[in-house]
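Okay, so chain A shows up in both of these, paired with chain B first and chain C after.
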Partner chain A sequence: MFEQYDVAVIGGGPAGLAAAIASSKEGASTLLVEREGRLGGILKQCVHDGFGVIRFGEKLAGPEYAQRYINELKETDVQVSLLTFVDKIEKSKDGFTLVLVSAQGMRRVGAKAVILATGCRERTARQVAIHGTRPAGVLTAGAAQFYTNILGQLPGRRCAVLGSGDIGLIMTRRLTLEGAQVLGVYEAKSIPSGLPRNIAQCLNDFDIPLHLRKTVTRCFGHERLEAIEISDVDENMTPLPGTEQIIECDALILSVGLIPENELAETLGASLHQVTRGPVCDQNGQTEIPGLFSCGNAAHVNDLVDYVSESGEAAGRAAAMLNSECLMLNYAEISVDNNFLYAMPQRIDLSGSPEEVIVYFRSRDERGKTGFSAKLGDQVLLKKIFQTLRPPEMERVVLKLPPGVKAGDLVRLEME
Partner chain B sequence: MDWIARTNEELKKQFAGRYTVRREKEHLVLEGGSGDWQEIVEAGFAAARAAKGNIKGCLVNDVRFTGEQPKPMRLPNIEDQALEGMKPDVLVIGGGVVGCAIARELTRWKLDVLLAEKECDVALHTSARNDGMVHPGLDLRKSKLKYWYNKRGNEMYDRVCGELEVPFARTGQLLCFPKGYTPLLYLFKLYWNNLEIPSVVLKKKALYEKIPDLDTKLGCALLFPTAGSVCPYGLTIAFAENAIENGAVVSLNTAVLGMELEDRMIKSVRTNRGTVYPKVVVNAAGVFSEDVAAMAGDRFFSIHPRRGTNSILDKKASHLSLFNLSPILISHLVGSHTKGGGIIRTIHGNLLLGPDAVETPEKENFATLRDSIDNVLHKQRQTIGELGHGQIITYFTGVRAATFEEDFVIRRGLYTENIVHAAGIQSPGLTAAPAIAEDITRMVLDQVAAEKNESFNPHRKAIVNAAELPEEERSALIAENPDYGVILCRCEQVSRGEIAAALKRPLPCDSVDGVKRRVRAGMGRCQGGFCGPQVAQVIAKELNIPLEQVRKSGAGSEVLLGATKGGDTHV
Partner chain C sequence: MKQLICITCPAGCKLLAELTPDGGVNVTGNTCKRGVDFALTELTNPMRTLCSTVRTSFAACPMLPVRTDREIPKGKMGEVMRLLMGIVIDKKIACGDAVADLGGICEGKIIATSDWLMSGV
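After this line comes the complex of A and B, so read on.
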């Protein structure tokens, strides 16, 4: 018996939950595939608050935020397949065939559209060139969070944190509250990567020092981590010889970047954007492969879950619609000037004549008061002044599209 | 002037009198003092060259090294009497690929075999820290033992890996040359024909069809089809498991601390787990083989450790080469001491870059250095320009157990009767291991008569790799045991069933790294970020131990340090 769905959503975190709900609400038969035994993705282990300020006007804990969507999902007809792994996805005549593995065996499922909501993985010690030994006690912030919050176990008692990304900051506070000592947070860049509120609430409130322009270059200890070597770095983040300093600790927590998980997208031939490392997408998250969508952190790393849900909803809706008519895809392109790190989406699907498009972007450098404009030829679509722009903080703007916009047009985003 | 006086003259000229040699019985001793390790090694090479053919033994390095002293051998922190009074026929010291292959080979005979390994698992030193290449033997010469053992070992690989269900593939080695070398290749081919190493000349078109991303400076190649790839620790574990299945005892966390000698015979061997009384001792102790020989009163060779670092690339880079690729390095042909490294395609489908070669007094320092990675990457980029830091998912350092003769020492003791050495094993030791095991076994049998073990079973069942099974078989397996359908390591697609199976093998395995080496959970691009905690939980459940007792590797490497404040037991 061959199961057939309109939409298959891969990943039951915030993006996948929102996508599945939206798809189902549009009337599409929807399958949600989750690798773990429970829905919620990484939110399950994010017991700190601050989730949902934009969506719900409330500061929720991660599991609470997820639960709202899980409750909503229960009201829909979405088929949920837990502890199920996508072995592969193949293009088929009328969509995709998914090969799924679970304790029930192997099964093949057909779907007209596939939404990849597979989130990120964390960059590892080796990928940021930490050398020396490989003892126990060197772990990513996400793994440390799992041990601490899900298993109730401390991964270290005397910890150093590398990377001032939000997960690193949150874990600094968490470990401190749970009885471990965090000696300091080290950041190779000259500005912290996390949100200012996290710097204030996770470090300053606990008198934990943040050391900028310093990185970890070596680990010592054979079985258990015994010490780390810290080095100053130059502006290219290359360690400077002669600046080494040894810090004794039993754990090194790494918050050194997230990498969108797009191995499935790649096997289907979707090209990845060099900066976002997610697929090149339109405003609905549709990739260059018709019927294949990407949303949430798999598309690009977000700093707020609210926007992850938003992108999931957009993808869910569009994937469900795909089913009702055979769309001729015609695209306008979005380009950014050098002051941008990236903008998302990279192109605009004009079918269905969208009136507005949500654009997320990050600046390349930290900037003060900055004029932002979106132009279509000579026509200004949006002008806006930002008091500050910082690479760690994603900005969101809504562009109103004029009726005349046509395939091949270029929307230019500029800063001045 | 005799050869020793001549050698001393030579050393004096070259090293300003810092080193001298003297003959002691059947070996040559290098003496002197220096803080320059590299220079000591060079003096050793010079002395070993001079001694060639003049003595039965080898060069022993007794130079006082005045630089930073290497740490003493790390010892297991276990003290018990588990082995006290055992009287095995054969004690094999060292659980590397050679020691484990020997232990298995010995079980073809009715012999009590005890293998002592000081680490918490087999294959934790050189046997896990190499590129896994089964060499055709391009840089070897017939004057070396290495050549003959490599040749025989290479030929044995299909059978041995078949018996042990260890994945092995003859991936082939491509030796790439610059444009315009094609006519010369036919000469080179003759050179290797003479060494009985078959090769095929690939002209430009054929070469670029095989490796489209090859650097354009390279224009032709010799393909050596007998080159292969194997998982070196996988094979070592398989040898150990099959040895155990056939009656051998493998004692982990067991370090040899001393020996009692009498009339050129080893009477007893003291370990941290009791004293044992073997009839014959096999020295397969890798970088510590010299130390074992010394305990046995049979130190007639020296090891100068040589560090090498390899990088492993994301499988996404695997399309760059389906072969083991070596750039042209004429120095190979005129006798450098180590292979120039290359781009190796591992049996698991990753590309591996390396290794480099650095002399070091430290036998157990596996720390990696940034420079090694950069140098190797820089070098291999000359073959494939597409290679980059971003593709590297991990790296590791191994230490080769080289002698100053740069050859294996495979023989009975020179001064002590009941020891057999399988020492000085560096590349191509992995390739040679099955052949070495045969010969060492023969040498052991010269000393202890034994009948054939009629019940010896050469076949070992591997842990099933569910993801590689055809869909129907995989479904059937899952129907039988649903755990095979629960994927815990997503990068390498390893199921809970496979992880649980790894914990119930003939050779005990109870650590996260042990599981990783057996079923590859954590070997992928996220390096255990996702599956590490999952594997730890499976270990706790299957072995029925508290989570905080789960270790990454050996004793003292517990992954977790106890409950959080809010957990069960308050801090």
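After this line comes the complex of A and C, so read on.
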């Protein structure tokens, strides 16, 4: 017989840390598997502050936020397996079998429940249409962040940034502070996708221009990037011929979006949501596969780590309390109108009669004052006014569930 | 009136602010009290927390993340960065431990923001 746990958590970032701690606190024997040599996930390289404002009321640096959970983890009985990659997960009679690969070789462990906290990956140059050569110096913002903050090597001296996502903005400031020149941030859309405060403190503080409705259409250089071609784009983000402009630079940093990492979930047959690209989930992150949970950026890309931890806790608690009787599928559904990009979760597990559920959502377009409502039949569960809604900023609401909700009921989220 | 974006929390409120003759500030657009404090310092002496890394002499952890233990004047960030570039940590220090004093530049000190040197080096 091989090692057997109640709960196996895959990924040691903030989601996995919170999940493992919560699971262990509920009394479940818990294994935490992380492929890297240190816990903390992406937070290890996020040396900037701004983490934990909601959770701790403090602006912590990324590693500092992770450290608080690592310290808490040390107080638990969670078994931690570092430098171990989860290669495969198989369904077994009473749960799952995980195939783990490490320097010691391959081993199999069993678990009644599995929590996927594998985070997300960045879109790369191949996923945005840039022509020309593929020289060194074209890299994602996360890779640039890894080189700069973990290895202490600057990816370039004259840099351009494509995409106005927060990671790109954060790296613009970081590279500038380290003495590199950032020529500008180019964004194909007409509104920046990063938080306004990052536009202020990462670009405006250093007089770095933000060019909207422009994109990179070509790279030049053989071994090393030498220049890029910038073009204006129309409303459909199609480059306009005749607007090309050549800019000399030795690094192009891509901040063009994140995609949840879900290969493991897919191989188990969990269906992925079209918009979130994460598994269809209930309020505890349980997927359509009973006993398989997803949380943090693996479930949907979050902008605030505080909510990542919150989703990890919910998954950890639910996975620990899982027992075969409550696998009777007992779900209400959540639907959204066209004004939403998506809402998370997509369904509500009614076993255990939850009194409230936390719902995260994003609007499809940038909106001013907007009325939000959640309805069950003609019953209004929540009404709330938002002063502004922007797709890059995830909102969080708490719905109180009336006692009479039953399987098959539909909770409708609407905006007006 | 000056347009500002409050950087205190992720909400990033758009503020319109101006100093009043009595040393106070008139602000609109803020959704909490912190917006008022932010506007006042931003218009008089803008302050930022500086986060960066310093080199170490440990191969398993070549860079240690650090930050200022408080906000420092925005204009001093360059000078503090130059100070950090000259530092090499050769002792195993913990998260929160002091790395350097900012004495000559402004009030405050630099602190480590991880425990990496304490474990696994």
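Before moving on, here are some points about what is shown:
We adopt the following convention: the second predicted complex is superposed on the first by the 410 of 416 C-alpha atoms of A that agree within 3 Å, B and C clash if a C-alpha of one lies under 4 Å from a C-alpha of the other, contacts with A are read in each partner's own complex, and residues count from 1 in each chain.
As a convention for this text, contacts are C-beta pairs under 8 Å (C-beta built on N, C-alpha and C of every residue); 3 or more make two chains touch, one makes a residue touch a chain.
None of these values were measured; they are calculated from a predicted model.
With both complexes superposed, B is the one of chain B and chain C in contact with more chain A residues. In the superposition on chain A, A:Arg197 contacts chain C only, with no contact to chain B. When the two complexes are overlaid on their common chain A, residue A:Asp205 makes contact with chain C while staying clear of chain B.
Once the two complexes are laid over each other on the shared chain, residue contacts for A:Leu177 go to chain B and to chain C alike.
By the touch criterion stated above, A:Thr124 is placed in contact with chain B alone, chain C being left untouched. Within the superposed three-chain model, A:Ser24 lies out of touch with both chain B and chain C [touch as defined at top]. Once the two complexes are laid over each other on the shared chain, residue contacts for A:Asn302 go to neither chain B nor chain C. In the superposition on chain A, A:Arg218 contacts chain B only, with no contact to chain C.
Once chain A of one complex is fitted onto chain A of the other, the partner contacts of A:Ala136 are limited to chain B, with no touch recorded for chain C.
Of the two partner chains, chain B and chain C are each touched by A:Leu151. Of the residues of chain A, those at positions 148, 150-152, 177-179 touch chain B in one of the two structures and chain C in the other. Those residues of chain A whose C-beta lies close enough to touch chain C in the complex are 37-38, 40, 44, 47-50, 53, 59-64, 66-67, 70, 148-152, 174, 177-179, 195-197, 199-201, 204-205, 303-304, 387, 393. Interface residues of chain A, counted against chain B in their complex, comprise 35, 83, 85, 87, 99, 101-106, 121-122, 124-127, 129, 131-136, 139-140, 142-143, 146-148, 150-157, 177-179, 217-218, 222-224, 239, 250, 263, 266.
Interface of chain C with chain A (complex): residues 4-7, 9-10, 12, 14, 31, 48-53, 55, 62-63, 65-67, 74, 77, 81, 95, 113-116, 120.
By the touch rule above, chain B contacts chain A in their complex via residues 74, 316, 366-370, 373, 389, 392-396, 467, 471, 474-475, 478-479, 482-483, 485-487, 490, 493, 495, 525-530, 532-533, 537, 547-548, 551-568, 571.
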